[in-house]
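Same chain, two partners: chain A is paired with chain B first, then with chain C.
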Partner chain A sequence: MSTDSLLEFARGPLFRLSFAVLVLGLIRILFLDLWGILKAYGKTSDKRMPWQLIRSRSFEWVLPVKRMFRNRHIYSIVSFLFHIGLIAVPIFLFAHINLWKQSVGISWPALPYSWALGLALTTIVLGVAMLISRMVLKPIHLLSKGQDYFWLVLLLIPFTTGFICANLNISAGLYQFLMLVHVLAGDLIFLLIPFSKIAHCVLTPLSQVVGTIGWKFPAGADEAISRITYSDAVEPKPEKG
Partner chain B sequence: MNRVKTTKLLLWLFAGFAAAVALNRYIFGLGVTTNLNDQTPWGFWIGFDVMAGVALAAGGFVTTAIFYMIKREEFHPLVKPAVLTAFLGYVAVIVGLLFDLGLPWNIWHMIIYWNPHSPLFEVGWCVMLYTTVLLLEFSPVPLEESSRYAKIRNFLMRFRFPLVLLGIMLSTLHQSSLGTLFLIMPARLYPLWYSHILPIEFFISAVALGLMMVAFETLLSHWLYRREPETELVGKLCKIATWVLGTYFVVKMTDLALTGKIGMIFNGSWLSDLFIVEILISTLIPAALFAVGKLRRNSTAQWIGSAMVIVGLVMNRIDVGGFAMVGGAASYTPSWMEIAISLGIVSAAILVFLLVVEHFHIWEIRPEDPQSLPEVSPSFDYSSRTWLGTPDVSSLATHSLAFVLSFAVGMAALSGKRLHAEGVDSIVVRPATGVDTLCINGNRDNQFVEFPHEAHIAWIKTHAVSLTIDGVIDSISATKEDSCTFCHHFNLPGERLSNCWECHTSMYSRVDFFRHDWHTSARGANLKCDDCHTPGVTRTAESAKQCAACHPAYKFAVNTNLAKPAFYIPSYVDAMHELCVACHKAEVKEVKGKPELALCTSCHKTGTPPELRAGMKWKVSVPHYDNVVLPNVSTVEK
Partner chain C sequence: MRTSVITPEERKKAFTSPKKAEVIQKQRLNVRYHVEDFDVSDRPRRFLEAFAAILKHSNYRMVLDHFIRMTGRCSRCAVACHVYQATGDEKDIPCYRSGLLLDVYRRHFTLGGMMRGRVSGHGYLTDEKIQEMADSFWNCTACRRCALECPLGLDHGLITHLGRYILSEIGIVPRALVVSTRAQLEGPFKNTSAIPVPALKDTLEFLEDEMLEEKSVKIKFPTDADGSDYVFFAAVSDYLMEAESLMGIAAVFTATGDKWTIGTGYFDGINYGLFYSDRVLEKVVKKVDTETRRLNGKNILIGECGHASRTAKQFIPAYCGGDKALPVLNILEYTHKAWKQGKIKLNPDVVTEKVAYHDPCNYARNRWIVNQPREVLKSFCRNYVEMTPTGEDNVCCGGGGGTVSIDEIRPYRTTVGGKLKADQIRKSGCEILVAPCANCKKQLRELVEDQGLNCRVVGFHDLIYKAIVFDDSLKVPKDDAGKEMK
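Let's turn to the complex of A and B:
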């Protein structure tokens, strides 16, 4: 198969497949989560929930501007900026909107070229920085699993290839090849999002509710947990080793 | 193997696949989804979803008639499932119709806009009313779940008998009227199927089909939930069905014999073979099978016989509804998308049936999900090793995943070409013929436009005009000296005045005039991006060089300013209309003897094209082509 026909396949059937999996998969996982929450809430003995607190905390985590300046400032800011580029560039890039317009006829306002360029560059640089810090800094390294490295690398692939294709003057053959990598990586990302940790893009707003209901479920769990944590707080256990 | 779970999984897969196709149908329309055409506007969807769907749901009225009217008390266990099947069947018919109607949002029109002479009007009203009756007949079942609704339930139960009566009446009316629909087309329907008593045949076969559908549904649901099969009761249904099928066969054959068509059965054409197969499957073999008392009470024979009747009579409806139509210019075979949609609707209906059966009091003993029994060991997710939850939660997760994945596969299966299609065949434009008067007939039918080229030249030479065409051309103008370029706005190399059809090569679909992919591909011009696009700006058509920068011979006329650089140029039809109509609206609204020149009939004519007309004058007054020596056309004149 030539690069041309592969590219045609990747941005045709494969894209439709992965995009459908992304959209419906995220709706599905959100629905299942809500369903589980409702079921658990129905079974809790103590129905008093601190809704006000849950709401404010949820907002705080969805837009973590306040959280940024609590601890680990640099990492928080880097991560926040990384997310902005990660979300805004693929959605509001002119070239992507143009594809939508040509195929199904819908369009929305695009980022100006200079903004898209800057955001893409920022995302790539910050992504690389986060990858290095995961490898080098001990506390993060200990917390990281294979998935964390895999996702950073996978997310950087379409950004890098897309950046090269959109801005550098390369030969048509190389362009086609990089575009193929770009589209294939994008398809893979779409396919994996609903089944991996990136599903937090829809589940984050529910995390506080889940935590609070988990605290109340099953019946009597809240007393047990508070007893354990309270005793921990009063008499810290001697460290081992 | 868990039969219920596997079946549901399969049904969810079908439903998901159909959902993707449904999206295609509603976004891009019937043209890209179905193989229907003007000769066969009714195809698989009408034959299967509507005609067969209504007949399959006849079990509701047949069973209620047997139970309430003939007072055969032993059929009580079959009444609730039969009414539920009928109700879901009619809902499925309506949903199916929403796919088939070109303007589905107008489905309510027959409520207000009456056409009492139309059988379809009667069918529509009956289906609407009967669906309501079925809902009222069935609603006591869900209402008995809570004592809160006791009053409504008692109220409905008081009217049960009139409702049943109304149901039987409405069914009789529209089951037969579906046959009446085809009385209008004796020439289209193959004679073996066409009959003056088609309504009666339809009604009798619907009764048989309804009975067998109840039998099949009972057998199937009992097999699914591993319950004791009700062989005795189904046997009784089969006995009744034998009589009905026998009557159907006798009526049909007598009619064929009386109208002298019985010989056609063996004339060897494939439609007559189809007829033989249909009669064998739907009537003769099952009737013979059930005529034997021992076989009638055997559950295997019941399976085979009822399935045969269902397949055979559904075949009959599809045949009448479009398959056995003759005389059409274009042949029709349903596209896979049509079949996928029908399959999806049936799957969804079965899923709702199973859901209702599991949650409401349809059977004497409510079926138990075998997965929720305490002795079943819990299942774990294979990757995270977590418990998947109670069976209802875990099956929800599995089934929704099945739906999502098969939806995605469906999206991938829709071919990109179809998704982008504009619903038209690509027709290469035939050049206009003639000299002073042009005959414009791009698609070679007998409708054409007689274009007085000479008169236009004469007019435009004395006028300075300018025009704006929304979204296509910002401004196009011509001075008196340069008047030709007003219409001939683009020139191919070596030509001063290129013809319309040379660039607008396709009759109805837009033309990729620029071919970007050819310019970038290694097998084409093999250009780098910055060879045409300005670096540092988003690469769009606007930021690219104009064609003339590389192709000096390709020239836009001096006074033409395009609204946007044209990758795609309009089809021949659009190009003609945009230029002619716009100019005749703005500049020349009427000429002597021809008011309202922007109207269709001012230009479009039917009949013999002028080039074929005898005595037509093809005179050249001014040889206005500079570099072409024209033959003296006036010698053709006779």
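Let's turn to the complex of A and C:
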């Protein structure tokens, strides 16, 4: 199979498959989370919900302007800009919108080229900085698992390859190869998002609701659990003999 | 606010175990708090059984599923944790602490985790992991400050709560808390401090006499009054240690004229269930409800105690009737309302020292009681100063989550847990620190002593008692006051 036909496959059927997995997978995980929330809500007798608090705490992080400058300023700004780049560049890049237009006939306004270029470069630089900080900085290094490094590397691949292909004068062969890597990495990202921590892209807005209902304990746990576990901590020990 | 990491000497002082080596060996558990002897055989299996039972009869599965689908491990919560700030130990980062339990959940209670575990043969729960959890979950003071700092909105305090709950089901729980709970649920006096009713009545009478002498006003502590507007539950230790707070509360009721009462059937607001077991939590909450209904009270009123207030406010509706549950309010809310209505007059010339207000986490974290006490304090304390950060973002006193009741870990509490708070107090330069919570008061007094701080810790109503001014119509002539006392 030539690089050309592979590329066609990667941005044709494989892209459609991974995009479908992304959408359906995110719907599935959102549904599972919501189902858990509703079931839990049904189990508790306390139906009050502090919506104002939930709303304000959720928005604080969905648009973290207020929180960003309170602690860890550099990390906050790096992480915030990184997220903006990650979301904006793939969606609002002219070349990407063009592909959608050609295949399904829909389009939307694109970022000016210079903006897209700057944002992509920023994302790459910040991504590398975050990767290095995970490897070097003590507290975050201890917390990090394989998945955390893997995702940063995986996310950087399409950005780097896309940036090179769009801006550097390279041979046609190399261009084709890098474009193939670019598209395949993109497909892989879409395929994996619903099954990884990146699912936070749809689940984060539910966190405050989960936390609130999580603290509403259903009644009757004592009777139900004491039948299964025996605990010295709650009841006095039975006399022997 | 950042703090410096503790010195090696402080570390040694904080982490030296007060327990004998043979006890640690016998219990196969190296933690600093005392634990009653428990069955050490087959601990991992029993831990998992308890975990499974709890998952079946609770809402924790929903929480854990949500957490494992999205934990980002970004370490941002580290800056919010007063324990990590003091130790600098990565294992004290809230996200790491939660990760201990989330790993167990992932490995043993999710399909993917079980399959991966079977294939790799790794990750099965071990005694060492239980030991790490038993240590870690009690290093945390469950103040939930980290929840505000998590970009994904995860509440690590809830995971600490669950971890302690599961551990308690296999017998790993601080002895100090269990002994008190046993006295409360099964003891002859039905309260955590084992105060008999006659002793309670004696104390109240003594306080009434004191107040008559000091204020020349007949201020009463009504007991068992049927049909009162408010049935009052203090942290029971207040009857032994916080006379001035109680006198301030009684004085407020005398000024407002509302009907309130203390039930002698049950009068303890303390609920250690919040710290280690939902089963205990429910039993104790129900006792509060039963006593209020026995006296045909209209409202449940909780004294100056953070966790007692939060448990009643949050769990009376959950366990005692949902929408039909009795209303719960904290005494600070009551006093603030009465002050706003002009029913309480406070003399602005009595408290002249520099006063600061400490937010108990259980009041402030969910923005429940933040501004009310400040408004009142600022109205009569001329020299009021604010600590930063404050309000919902306040710093824990270092004795939250029940740890203040564990006397054997005092060196840990006052060098690690309370370090950030001590720095904050020092910086504010306050001479009087108002802490309207029984737990915070005890911890802060120990902190002041151990860290050599130059301030006095009092309750909110201690100052109210000092400054309250009564109408002349309420005054008893001095001669009559003498007779009354006889």
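Simple rule for what comes next: the second predicted complex is superposed on the first by the 216 of 241 C-alpha atoms of A that agree within 3 Å, B and C clash if a C-alpha of one lies under 4 Å from a C-alpha of the other, contacts with A are read in each partner's own complex, and residues count from 1 in each chain.
Just so we're on the same page, a residue touches a chain if its C-beta (ideal position, glycine included) is under 8 Å from a C-beta of that chain, and two chains touch if they have at least 3 such contacts.
Everything quoted here is computed from the prediction, not taken from an experiment.
When the two structures are aligned on the shared chain, A:Lys39 is found in touch with chain B and with chain C. In the superposed pair of complexes, A:Ala166 makes contact with chain B only, with no contact to chain C.
Of the two partner chains placed around the shared chain by superposition, chain B is the only one that A:Val104 touches, whereas chain C remains out of contact.
Once the two complexes are overlaid on the shared chain, A:Leu143 sits against chain C while remaining clear of chain B. By the touch criterion stated above, A:Arg48 is placed in contact with chain C alone, chain B being left untouched. In the overlay built on the shared chain, the residue A:His73 is in contact with neither chain B nor chain C. Between chain B and chain C, C touches the greater number of residues of chain A. Overlap of the chain B and chain C interfaces on chain A: residues 32, 36, 39. Residue ranges of chain C in contact with chain A, taken from their complex: 36, 38-39, 46, 49-50, 52-54, 56-63, 65-66, 69-76, 78-80, 84, 90-91, 93, 95-96, 99, 147-149, 151-155, 158, 168-173, 178, 181-182, 186, 276-283, 314-315, 317-319, 321-323, 366-367.
Chain A makes touch with chain B in their complex at residues 4, 8, 12-14, 16-21, 24-25, 28, 31-32, 35-36, 39, 94-95, 98, 103-104, 113, 116, 166-167, 169-173, 175-176, 194.
The part of chain B that touches chain A in the complex is made up of residues 20, 27, 389, 393, 396-397, 400-401, 403-405, 407-414, 416, 419-420, 520-522, 526-530, 535-540. Contacts from chain A toward chain C in the complex involve residues 29, 32-33, 36-37, 39-40, 43-48, 50, 53, 57-58, 61, 64, 67, 71-72, 75-76, 79, 138-140, 142-145, 148, 197, 199-200, 203-204, 206-208, 210-211, 213-222, 224-226, 228-229, 231-234, 236.
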